[in-house]
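Before I ask anything, let me first share the structure, which is written out below as structure tokens.
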Amino acid sequence: MTPLRKHRLLAPGAAVFAAVLLASCSSDAPPASPGASASQSQDDKATEQSKFFEQDEYERQIRLADVTPEGPADKPWEQMLEPEMRDTAEFKKKGGLAGTHLCFSNAGVFNPWRQVGLKNMQAEVKLHKEITKFTVLDAQGKDDKQISDIEELTGKGCDALIVSPNTTATLTPAVEAACAKVPVIVFDRGVQTDCPVTFINPIGGYGYGSVAADFLVEKVKPKGKILALRISPGVDVLENRWSAAKVAFDKSELDVVEIKFTEGDTAKTKSIVADAISRHGQIDGVWMDAGATSVAAIEAFEDAGVDVPPITGEDQQDFLKAWKDKKLTAIAPTYPTFQWRTPVIAALDILAGKQVPKEWKLPQPTVTEENLDDYLQEGMPPLHYAMCGCEDLPGFPKDWGGK
Amino acid sequence: MTPTALAPAVAQPGPKPRRVKLTDPAVGVWLAAAVVIVLGWLIVTLDGGSFFARANITTILSNCVALGLVAVGQSAVILTGSLDLSVAYLISLGTLVAAETMQDGSVVTGVLAVLALSVAVGLANGLIVTGLKVNAFIATLGTAFILRGWIEDNYTGPAGQVPASFRHLGYDRIGPVPVSVFLLAAVAAAVWFLTRRTRLGHHMYATGGDEHAARLSGVRTRRTVVVAHVICSLCVGAAALFLASRLGAGAPWAGTEARYDLESIAAVVLGGTALAGGRGGVAGTLGGVLILAVLDSVFNQLSVDPFFKNVVRGVVIIAAVALYARRGRKTA
Amino acid sequence: MPATREAPPPGGGAAPLLTMRNVSKSFLGVRVLHDVSLDLAAGEVHALVGENGAGKSTLMKVLAGEHVPDSGTIELDGTTHAFTHPQQAQAAGVGIIHQEFALLEHRTVAENVFLGREPTRYGMVDRRAMERRTGELLAELGESGVSPRAHVRDLSVARRQTVEIVKALASDVRVLVMDEPTAPLAEHEARLLHALVRRLADRGLGILYISHRLREVFELSHRITVLKDGRHVTTVPTADTDTDTIVRAMVGRELGAYYPPRARPGETGGTALTLRGGGNRRLHGIDLDLRSGEVTGIAGLQGSGRTSLARALFGAAPFTEGDMTVGGRTLRPRSPREAIRAGIALVTEDRKGEGLALRQSVRDNALLVTRAVPGQQHASAARGLAGLLDRVRLQARGGSDQQVQFLSGGNQQKVVIAKWLAAAPKVLLFDEPTRGVDVGAKAAIHTLVRDLAKEGLAVLIISSELPELIGMSDRILVMSDGRLAGELPAGAPEEDIMRLATGPADEGTAAA
Amino acid sequence: MTTATATPAPYKRIAAALGTGIPVYALLVVLLLALAVTDPGFYELDRFLAFVKRAAPLVILAAGQYLVIVSGEFDLSVGAIVTAGVVVAAQLYGSFPDAHWLVISLALVLAGAVVGLANGLITTALRVPSFITTLGMMLILEGAVFYWTGGSPKGVLPEDFRALGRNSAFGWLPWAVLVCLAVGAFAVWLMRRDYGRTLLATGDSERTAALAGVRVHRVRVLAFVLSGVAAALAAVLVGGFSGVSAQAGRGLEFEAITAVVLGGVVLGGGRGSVVAAMAGAFSLQALFTLLNLQGVSGALESTVQGVIVIAAVGLGAANWSRVRGAADRSRLRRRADSPGGTPS
């Protein structure tokens, strides 16, 4: 096998070769190898809790849920929880903010959440006249492409780079490389390095997961059968949601009879729920790690001719509508899309030399029986996320598909 | 007797066939690639961007690597008249195996592990196709499902981690040229050599061209097909290694999210290799890959809506093949 | 007669180069070779003749290692061989040139010539050596006009044949089997090939030459072996025999003995089809009248345009010029569909490739035309299927549900005919109707064809088996190089036909 | 020597008659039994109907895909058509909230037909291999639809539109089942008609068909059109069954092809029955359900699927190798018996 022979020499060969040339030629590789945390999380695998579970972070998020945020109450995307501010003078843009070139490496727009979010960000940019150029590269969900995108953007003379990583572990090196050249703002999903100027995200998956789980623990009678529906394994945000829920369920007397992956496919969700109902006679509560398919789940119960048990969803309009129309016992923790506005604001603050939090924790409101009507917006498309904080943005509601 | 009298209707093509002919798809593809580059440069410059900026060139090149490696392998099987739909999942598994073995082993063991895996999968594909006489489409689709199950059953998300030393493969560059491009070049050269210069290669073309004729001429067609599948998988393994070094870890969706299975086939066909086998080659495939990469970069520069990209890609692929079909009809 | 006789002594004398003893072979339990023996001397051209289905090709395929014999031995230079793969036969020095070339269109001549045994240097295929050697071989054959680097797809049929021969020579064959090598060649090309064969023999090769063309057999060969129904009939020095004897040996009965009586003058009706000045790439100025009730035979060598004519009449390879009327109305079919609508039917020579959908049932094949081109006869055809199949005397165990791929050649042909009868045609064109059909079925088909004529169809029949053509036809048109060379009355002697068919070529042959 | 082809042993003829269908029927029976064992309640009328209802879209897709495959081609675009269909429907309702469901459905079916027509024409007229044609079409459709809707449709699918995929006639018989039956019946009828037979003949031997007056291009194009229509119908059912989703049809193209091949239909054309193809679809759905009920992790699901597909097809191939061998030999003989094939 010639390729084999060729290759056996090549992989290390290239490395050595490169190492030699390292002095002479440029390397985009990050100096230190990160992933210390990665290997550490590997060790946690031993414990029966998923490797994505980190006790202290869990406790932190639970605590944050009750903290009152700093900042304007009517602008949750500018609020921050327990911020430790950091100085950003080093990044202050010479000659003022005028003519700022902002760049954004997006993991993709492969789901409605990200589509709403991107619209938020674009609209936010419109608010700031000083941003004269806003470059967005879409990685279409490909880690490899996003790495190149980031490399490309760092060479485009951006004043600041916003990154929404497709994957935590795999994007880390690229982000580290970028940090060396431009101020980097990471949001939504994190990276395993603290080189970005700030990392913007809401309270997080643990908070989300436990809110939903606690709701069921409260509403469903002991020994009740719980069906846990997850999108797909391996997505850190979602894994966190589940692992937190797991903690809650383990403490409770509820009986989680099934944990299934729906791949976000509504048809598959309906099948799974239908089968679950027939297998277990009844289902007393449904926990979901994301709202995308909760309506399908609700329908499955209807089609099976049984009452819809307490169910958790997300702040998508179709779910909120079903909730109201069908008078469900439900709750919708959110992973607010308004967080897409914050990075732009942060970027401008940084370039202005204003202080920003090292980790910018945003509040993570929950839609409940009480405030349901505030978030159920007539005329918005079914897959629109209520927690977009976009009502005051230019082009609303048309650009978001509403009327 | 004068030989010319023997056959009135001989079309002696070109001055001497060995010299490059425009009718040779590979040449056409590279010309097309050149055109695309020029157009891209024009458009981007008009748009106020700089197409030949260092960063951009680097991006284009490094975007070629992964798809290029897979496509090169894919052309080997397609030449032989077969097909491999399992590449995407093999890549994913490859990155995971690489990252995990390298985490608690040396780089070399990691590389070997991946290549071993590749050989195994390649053999499986080849033997199912030739031995069980299962149509390649279904056979490799089946192995794809099997690999997928294996991955999803054993991995939840990124796993393992490659040492810094190995990451140089993914990140270093000499001037504007990423080191990984040399990997692609090496593998491509190897496969090109294999298909064009060795008996095996000649037999691959023969098997893909007319299996019956090949057999009558004493070619061991089955063996050839199996070997082709192994070669393909090895190239895929190389791609997996590259991605692992680039991602720094193994990712279960490294291969599938990029649809390497269909994309690679598209690239191969775009490169002028006949899906039926027997015609075309690695050179053309690389051209096809380059075209796709350049298109991507141009779209990036103009920040075209990602959904719109797919439309264009689809059109380009169909149009290209339609062109080949036309030319084929002419020469036939 | 040519001066090839003072070549090596017929068989006997020196130890033969090749000896096949008592070779038997069966397919699916049917014996197709019965204890056939044969020997070949170096430098000898040994002709192998016999009707289609006599077992010639099977015997040769056994020799070439493509079929494994059930019994019998093959000796080359005294060493016994048992070939199980073509490669082994090649290694032993047996080369075979198939009627259908085993060439790769998109590869170069050299690559084809050395396919399966490419010379290598340091693991690399040595193109230079390959092309040099190919060039040399081509030169030796006086074919220096063919470039070793040319792609086969760019070569004419004749040159492809040359490549096949070179391919055989390249593996240093000592026995060269040529299976109807001149079949696809036009006359002048064929004559060049004959010269080539002689030269090969002079170089000491043993050549087994299969052919239907007795004329070339008598020109070329030193000895003739006749096979019939898988049995060895006789082997005679060409010098000591003549055409009639050989033909009798082949057919095993007097000529025309079993052909149905021809149409009596009163029986032929009006013209069903007329063609004036019909022409296209392969045909020139053809004038033709087909009368209902009459069987018109078309003679001519392969490549003389017989098949082109049939296909042109049927619209498969349409006329580009000329006027044609069918059943009184003027039309020049541009597609089979039009021809069918006009009541023309064509039984092609490539039965399996063009006549049948092998994996479909007898019924589906028989009704294919009426289904594809629905007309008033459609319903009736479906209803009358059973009658139709009886009428062609189809014998199929599985009845009309049986897949045709499991029928014998004869029965398959009957299905093809039934398919066309279902469409109730007025003009029926047969191209080699009995090719690859066993003797029994042959007779049945002959009778059927005649009956159809009696029923008022206009029948045109093409056949390379002159006896058949003569036996069946009410008149014979002879073609040569795309033109009608002349017309002969029923029962005209073979010689007259051959003279017309080979046209002015004859002198050429004498000169050669 | 041609008599050699004659008189094959009877068992071969039987194999020839049903041959490729056998494995799938066996598989289906086994799976249904297994389902009965794992879940006694499975055969309660409503439960079973629910199962059929769930299988309906795939069955319809399989029927359409069968037509294309049996004519010797591929249709990889059906999954995209389903996704596009659902999204477009929602988008249309976004603009015309009170459009009649029938109008929208027909619009979808029409659109499906158009896509199929495009596939067919590109494949036959431009002679692009259908694998590439439909692959490109897949990219184009997905791209175009999402480009148009900005990734998520603006409307909701109203109840009346969804009834077909979701509700039941007379309160117990799901409309989807009726549609499925209708399509099945139509497919069977079609394959018995002239069109079906000519389609098979075309897939078996294009030259023979053409010389028999079959307009092979037209026949193939129609197959693609019907496949497109089937996909659009499936879209209506899927959309009805589970509402708006941007990934309604993901992977369906491969599932459909798998189903058809599972049904013993030979890739390359000319052989296999539409009933077996639809049985293949049912088997696949039954398999999914079984694995789900067995609580097999979603992960292993695909592994099992892969193994079963390869095994089933391999089995089919094995049954055939004998007969095929015979066919090969007869082909060799043909090469011998027909001097020069078709020289002029």
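Going by the order they are written in, the chains are A, B, C and D; count residues from 1 in each one.
Just so it is clear, contacts are C-beta pairs under 8 Å (C-beta built on N, C-alpha and C of every residue); 3 or more make two chains touch, one makes a residue touch a chain.
Chain identities (UniProt): A = Ribose transport system substrate-binding protein; B, D = Ribose transport system permease protein; C = Ribose transport system ATP-binding protein.
None of these values were measured; they are calculated from a predicted model.
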Pair with more cross-chain C-beta pairs in contact, given A-D and C-D: C-D
For chain A paired with chain D, centre-to-centre distance based on mean C-alpha positions, whole Å: 38
Averaged-CA centre spacing for the pair chain D and chain C, given as whole angstrom: 43
Chain centre separation in whole Å, for chain D relative to chain B (CA means): 29
Length of the line joining the C-alpha centres of chain A and chain C, rounded to whole Å: 74
Of all residues in chain C, the ones touching two or more other chains: 66, 98
Sequence positions of chain A contacting 2 or more other chains: 109
Chain D residues counted as touching two or more neighbouring chains: 151, 298
Chain pairs in mutual contact under the definition given at the outset: A-B, A-D, B-C, B-D, C-D
Chain B partner contacts - residues on chain C that touch it in the complex: 66, 85-87, 90, 98, 101-108, 111, 115-118, 120, 123-125, 142-147, 149-151, 153-156, 158-159, 162, 167, 188-189, 192, 195
Chain D residues within the chain B interface of the complex: 122, 126-129, 131-133, 135-140, 142-144, 146-147, 151, 254, 257-258, 261, 267-268, 297-307, 309-310, 313-314, 317-318, 320-321
Residues on chain B engaged by chain C in the complex (per definition of touch): 1-13, 16-18, 197-199, 201-203, 205-206, 209-210, 212-219, 278-279, 331-332
Residue ranges of chain A touching chain B (in the complex, touch as defined): 1-4, 6-8, 10-12, 14-15, 17-19, 21-22, 25-30, 32-35, 38-39, 42, 50-52, 108-109, 135-138, 140-145, 147-149, 151-152, 154-156, 167-170, 172-173, 177, 233-236, 239
Chain A contact footprint on chain B (complex, rising order): 53-56, 58-59, 62-63, 66, 103, 107-108, 111-112, 115, 119, 152, 155-159, 161, 163-175, 179-180, 182-183, 186-187, 189-191, 193-194, 230-231, 234-235, 237-238, 241, 243, 245-249, 251-254, 257-258, 296, 300, 303, 306
